[in-house]
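Both complexes shown next keep subunit A, but they swap its partner, so subunit B is in the first and subunit C is in the second.
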Partner chain A sequence: MSALTALARLRAVREGRAQPAATVRHCHIAEAPMVFIPLRMAGEAAAPLAAMIGTDPGSPRLLVVPQPRDRDLRFAFAAELAEVLLPYVEGFAKETETATRRGAEPYERCLSAPQVLVPNGQAAAFTGLLGRSTRFRRAEGPYPVHPSVPVLGRWLTFFAERAAYPGSSLLVSATDALALHWTSGQSGLEDANLAALLGWIDPPPGLTGLRAAQEAEDPLLWPPAGPATDPGFDNEVLAPAIEGYTRAPTARAVERVREAVRTQLEPTWRLVWRAAELLRGLPAGASVTRRWEYDRGAFTEFLGRVAEGGPPQARRDGAVAAASRLARMERARVSFDVQRAYDDPLIMAEYRLTGEAFAGEVIAADPEHTEGEGRSRKLRPLVTIRTVDPVRLAAGTAVGTPDRRGQEAELVATDGGEITLKITKGMGRGKTPSPGAVPAVGERVCYTSLTDDFQASASLPDPDLTPWTHGGPPEEWVPDDADAAEHWE
Partner chain B sequence: MATDRLDALRGPVPPRPHDARAIAALAANPGCARRAVLDAAGIDKDSTARHLGFPAPFGQSRFAITRGDVFEAQVKANGCAGLLRLLREVLGLPIPLVAYHDAADVGAHLRHAHTRALIDRAARDSDDAGTFYDHPLLSLEIAGHTSYLEPDVVAFRLGGRFHIVEIKSFAVIDGQAEPAKVAAAARQAAVYVLALRRLVEELGHDPGRVSHEVILVCPENFANRPVATLVDVRRQLAVLRRQLARMTGVGDLVSGLPSGLTFDLAADADGVPTRPVAELAEAIGTVAARYAPECRSTCDMCLFCRDEARDEGSTDLLGRHVRDELGGVAGVDEALALAEGTRGPADGQEEIARLLRLADRLRAESLEPAR
Partner chain C sequence: MTSRTSLAGTPQAEAGAVVAAVLADLPGHRGVVVDSPPGAGKSTLVVRAAGHIAETGDPLMIVAQTNEQVDDLIDRLAAEHPGLPIGRLSASAYRAPARLLAHGNVRVAAKVPDLGDPAVVVATADKWAWIGERTWPWAIVDEAYQMRSDKLLRIARNFERALFVGDPGQLDPFSVVDGDRWAGLSWDPVQSAVSVLLRHNPDLPVHRLPVSWRLPASAAPVVSEAFYPFTGFRAGTGPDDRSLRFTADGMRTSFDRALEEAAATGWALYELPERHTVRTDAEAVRAVALLATRLVQRAPVAVSERGEHPVGPDRIAVGAAHRDQVAAIRAAGVPPEITVDTANRLQGREYDVTIVLHPLSGRRDATAFHLESGRLCVLTSRHRHACVVVARAGIPELLDAHPSAEPVQLGVPVKFPDGWEANQSVLTHLAAHRVTP
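So, the complex of A and B:
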């Protein structure tokens, strides 16, 4: 939150419509994402009640647990979910490319990767819980489940973990993604309601954003996007339907539960697809492809792990794994922020506001300026920029620019609104700079002290060398019968 | 007298008792005068909001209620036998012999007296036997009114010490529970700790014998097996004490209100409110609110206050973060006028006006199609 976004909220209130929070799209949106809307039984941690899922807006698949307290029915649901999700996920394994990494063997990377779209952050968290409650199951032994169930659990866990990773688009929550690109005229808390947020962004003809958001709060018009269901619906519609099934588990009783939950899921189904369409309507930011490449890499790696029959993800990370995960997430957060600023002037404006970036017009340039003598003589073009931004950068600060990525410069002097830089890298190797490398007088430019060079990962000991003060080396998690038999009541 | 004024504000109905949930929520928006007055007067906010046409959005699912009841019954089965095993683990003590007293053994009207007698005896005994007191009916004085607390906890005494045990049906999965739920449970438990401390003190014992560590019992992972966790509620206790002290000082707020003001719903013989809605809304409007989006999970009046904030064009609607960024500028139009330069800053607004002007320019520049 900054004065800029606060201002955008105020404008949204006045205009009765959401305001842009970005000028380009900062997430990947697949051509055919898999939309997944899970519902949970109220009062239970991870009892699925139903889900609507599919890659075609015109033909969703509806999965239902007619009695969510029945363990067998839950596993039947999980198997059915696996039937939809696993072929979709595995479909991406077919086409690969050879990718190279600095200092490592080339490896095969899938050309594309699955993308799961859920309505909101709670649905992403629930996906993780479903993964947690299924990944330790086994197809043999005392409590056998369908062999697809533990595989499903690994994938759901994978998606949920990636969702916590800044900049990843393998599992996208619609409300989070929308809020990254539009600012509504309501509070951030209220933005968690998908229908209300979309009401501000894309109100139906004849309605203001505010009216549309108000209507969206009526659970009879817009059932909650889940995983929690509307208590009124639970008490008046769902409970009698489930009781009916419990009395006589007939096909008709199942149908009654199905029809009940369908009314709750269909509106959200349409909203999630609408959200995808709106996001797709924005031009992609320059770094989206690169981040998606990481996602593809992570997906390929995990695909290999599943194919080899690797163990399910541990219940909890060991100390070293937890620390290195945190460090990775922190780096991803920083680089996501920096990349967005470079890709999008509206995000860069946040840094201009705080004085970490500035924009202005070039008023003088000395492209052939050099430093040093004889053999150590170096080309160091000088550029002077006039800006009205409140710059808070000291002489000597290294800066970069979105207009010429890869170029590096150093702030030489500031004199009121006039800032002189010398370009230190990325202007060509000749005696004179390559054409266009140095901005010309009159050009509008932007420089910032933000840089996205990945700091070498903080040196953490190998998992095997975990100090005993941190619990000693983590044991590899090998699920036993007790895990497989863990109650799911 | 402040109490008379509070009674007049409420009208001829008994003050509404606060349950622990409501008391815990008192601390949720301490800056709100409206809430302080309504609560001090023991006004039924739920009915008030309903009558105003803004019923609170706090429905509860039958499934959740049933699940909570089943879990609680399971934990308390056989005189809390299962609970005892958990306490041994979590307190790390060998707990010998255990007695179980149900304060609800007597009729409702006697329950409070019965609880007092039980706790008094317990505080005198200091043997090593553990003892459970189920359904204790505790009370807390709130702005001159005694509120009785819903007895959904167990008090446990071991040696000379009491612990509050709170049973909740949200799950702890791999050692973690939803933070918002844990926080709410801690706030509620603090209310019980405070009430039990006051009772122990009234009976002439040391209130410090009621531990600030409460025991939270929740189902573990995906099964119904209970697990116990110690939760330190000192911080919640401090907030609660402060808020209760503030409510005792509600007299100042009330004495500033117009005489003859009342929030009486004027219920007819069948209990149906007959007070003209516009009149009631106006009466409520005389006490200043301090709406925040968080009210939506803590106060029955939330939708009414939100609507009011919207009509007033208040920046409160957008959340505290936004309000903070706006340097406390209260009106949407005012803030926009400062940003757009159509209004000069008032005294003390120079800094925020400068920032908003800058933000406005940067936004405009960044949104220009050709930069």
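So, the complex of A and C:
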């Protein structure tokens, strides 16, 4: 925990209310996200029990598996889920724009993309498991399923895998998104309880955050947000209802299970929408649009793959696929951290404390300073800044600034609290700087050694040429009937 | 009765036999792995093996992990084999240090064709990844335990056979993202190049260098027992071969006492009162800085098998776990010629005396990062003469309160040594060398 987070937690306790951890929103929140709250049967990793899903807070759709041990019923549930999710996802395919990128063919990109909102990290992981259990199923052969089930599996897997990329907003976990923007007075582990976290952020009138969070721990007032259900509820309410269905699978018995899980899901449903509303209340950070663009690109690409009837995502990453995914994830991690710092002075403050950034007032400037002679004469303005931050950057370090993003500067000298910079990039070709390009004396500026310079990673071998050090080329996956019979509990 | 040591022969003979076995194994296998404990002559082996391969006339590529390692290696290689044409591949922004350019047989370029056709080409793993299709019959991969397996994947097509050399006890490679997704896969990209190589090729020969030439007789058993519990090594020198004395008198302060203890026994634990602190614990940072300053003032002189020499500030290092601690120690006023750096950056370096801020000092919890055995191993195995550890009291209790609780992943080989155990082992030894303010 950084010093700033520790301070914010102490303040939250003292004030009885969560403290802001960000001044702007760092995730995209769609106008009409698809809220998805899955529940699973206790004791099994991927046996769905129920789900509440929909894009309208006023009319959720409730799907249940009256007997979660029955595999046919589970896949009937998956088909129902596909009925809700697939039209929503495919709806974004209609409107596209032509996107261009440097050094590549222009391509079509959907104007918007689906966003699935789940209550917490476990629900996101469960989404992945549900995808894993459905994507290899087939409509023919042994144990056939509805044709929409394997397609659903591909999409659920896609959403869960995208969630592993820092900064992606296709699948958002409410607790993670809230904890990114507010610091509560409880531990990180306790923050994973959506009701408790919202209790700190938005306590009901007359209650402190602490009191609200304590109330949230009572499963009778606030049933767990899932996917695990409350053991008391399991024993006293759910088990008899399922038992009843097993004895006599009537419409009434199904209704009894439905009503039982509805009591568990409805409070969380309201909480997730409340979380979305709170997040939407924050102004979007400057880089959110750009990251959402990547998400839209990834979505469009996968949409094409599904439309072509491509194979489901592999069970495990091969050696080459794993290395390539790791490189993309690391790239996303670095970009997300840097972009957040540039977008948000409160995040930048963390780096100012560790000496990787500093803010201060310009006390001297030589905007027309040049280097080189004749044709190679270049404009290299000098700026001196006075700061009280503990600067730990050595001379020669390249720095950037959130105020002038196209520019790059180099630290020339540090003298106590006075730092001299030379602006090395983004000055244009003119002999004099354009007005406002160089910070003027008296202006408050912030510079940091964090930069989002993309160092492309070297190419990987073709999977068919996986070298002997990594086990040689992998076997090709051929769908067969054994896929339907595999144990995936 | 004959003792075991005399049966095994002198350390020189023992180490020489291993090197001979490695060179003999090279032609017969696709890959050969050599584990080298701290200061066991890894670079010497690389230089010898390079000369050995170059003699056969086959071109050789050498892979190291950082630019400094590449430069160090070329410097030694060029000095040892002045007739051998050596190429150094580098990024275009790289400026070759003067010591490289001083060698007539070294050429530096950004592309392979620009190097002429040297017998040996040396570059970092990152640079090699950009080379493209060309294949060398031989490769030597240095610091292979610090190389991530995804880097090996990017360059493995460039060689037919390879010698992998590295220290399994140092820091494992890491990633800034969660790699749990691949845990248990034999090609897990965040594992080290050697673990992935050996999981796919379990029949490759693995050799171990048995003698540390760096660590003194006072340190080799401690480091060997804590960090290399199954494959131990011994010191190449005896207890009487090395000594450290001060030519300037002390003032009987606690710092002087700690330095004297370290000079006399090879170890000292400068123990501050127990307290939970922020990472840049001002008191501990000050103690480290004052110890370093005092050490220089006392004008130490080291005697070793290489003769007698004064220990200047360039032969002293200060190590810590985090970059902000390093910055804080620097800011607290350490003579500028002293190296102050993190464990990660001190890997592979050697000094006469080191001063270490214990990674667990003042902490309330023992996270996997701070417990990683490699971190403490690097910090406590850089010295030829003495090591002073600065820590707050209460670390054994902290360890007892935080047994390793990492989830066990299926298919992941159990890692030894266990960081928890290694920490306890080192602390137990240090307890006998405690000095308090």
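A few remarks follow.
In this section, the second predicted complex is superposed on the first by the 482 of 489 C-alpha atoms of A that agree within 3 Å, B and C clash if a C-alpha of one lies under 4 Å from a C-alpha of the other, contacts with A are read in each partner's own complex, and residues count from 1 in each chain.
Methods note: a contact is a pair of C-beta atoms (placed from the backbone, for glycine too) under 8 Å apart; a residue touches a chain by one contact, two chains touch by 3 or more.
Since the structure is predicted, the reported quantities are computational estimates derived from the model, not experimental observations.
Of the two partner chains placed by the overlay, neither subunit B nor subunit C lies in contact with A:79. One of subunit B and subunit C touches more residues of subunit A, and that partner is B.
Residue contacts after overlaying the shared chain place A:316 against subunit B and subunit C alike.
Of the two partner chains, neither subunit B nor subunit C is touched by A:284. Contacts of A:355 after superposition on the shared chain: subunit C is touched, whereas subunit B is not. Legend: residue contacts after superposition of the two complexes on their common chain; A:166 is shown touching subunit C, with no touch to subunit B.
Within the superposed three-chain model, A:20 lies in touch with subunit B and out of touch with subunit C [touch as defined at top]. In the superposition on chain A, A:11 makes contact with subunit B only, not with subunit C. Legend: residue contacts after superposition of the two complexes on their common chain; A:330 is shown touching subunit C, with no touch to subunit B. With both structures placed on the common chain, the touch criterion links A:3 to subunit B and to subunit C. Taken together, the two complexes place residues 3, 316, 390 of subunit A in contact with subunit B and also with subunit C.
Against subunit B, in their complex, subunit A makes its touches with residues 1-11, 13-14, 20, 23, 41-46, 129, 132-133, 185-190, 210, 217, 229-232, 234-235, 239, 315-316, 345-346, 348-349, 352-353, 359, 388-390, 444, 486-489. Of all residues in subunit B, those touching subunit A in their complex are 57, 59-68, 169-171, 173-175, 219, 221-225, 293-294, 296, 310, 313, 315, 317-319, 321-322, 324-326, 332-333, 335-336, 339, 355-356, 358-363, 365-367, 371.
Residues 3, 164, 166, 316-320, 322-323, 325-327, 329-330, 332-334, 354-355, 390, 392, 457-461, 465-472 of subunit A are the ones that touch subunit C when the two sit in their complex. Here subunit C touches subunit A in the complex through residues 30-31, 126, 129-130, 149-150, 152-154, 156-157, 175-179, 181-182, 185-190, 193, 196-197, 200-201, 278, 323-324, 327, 331, going by the rule given at the top.
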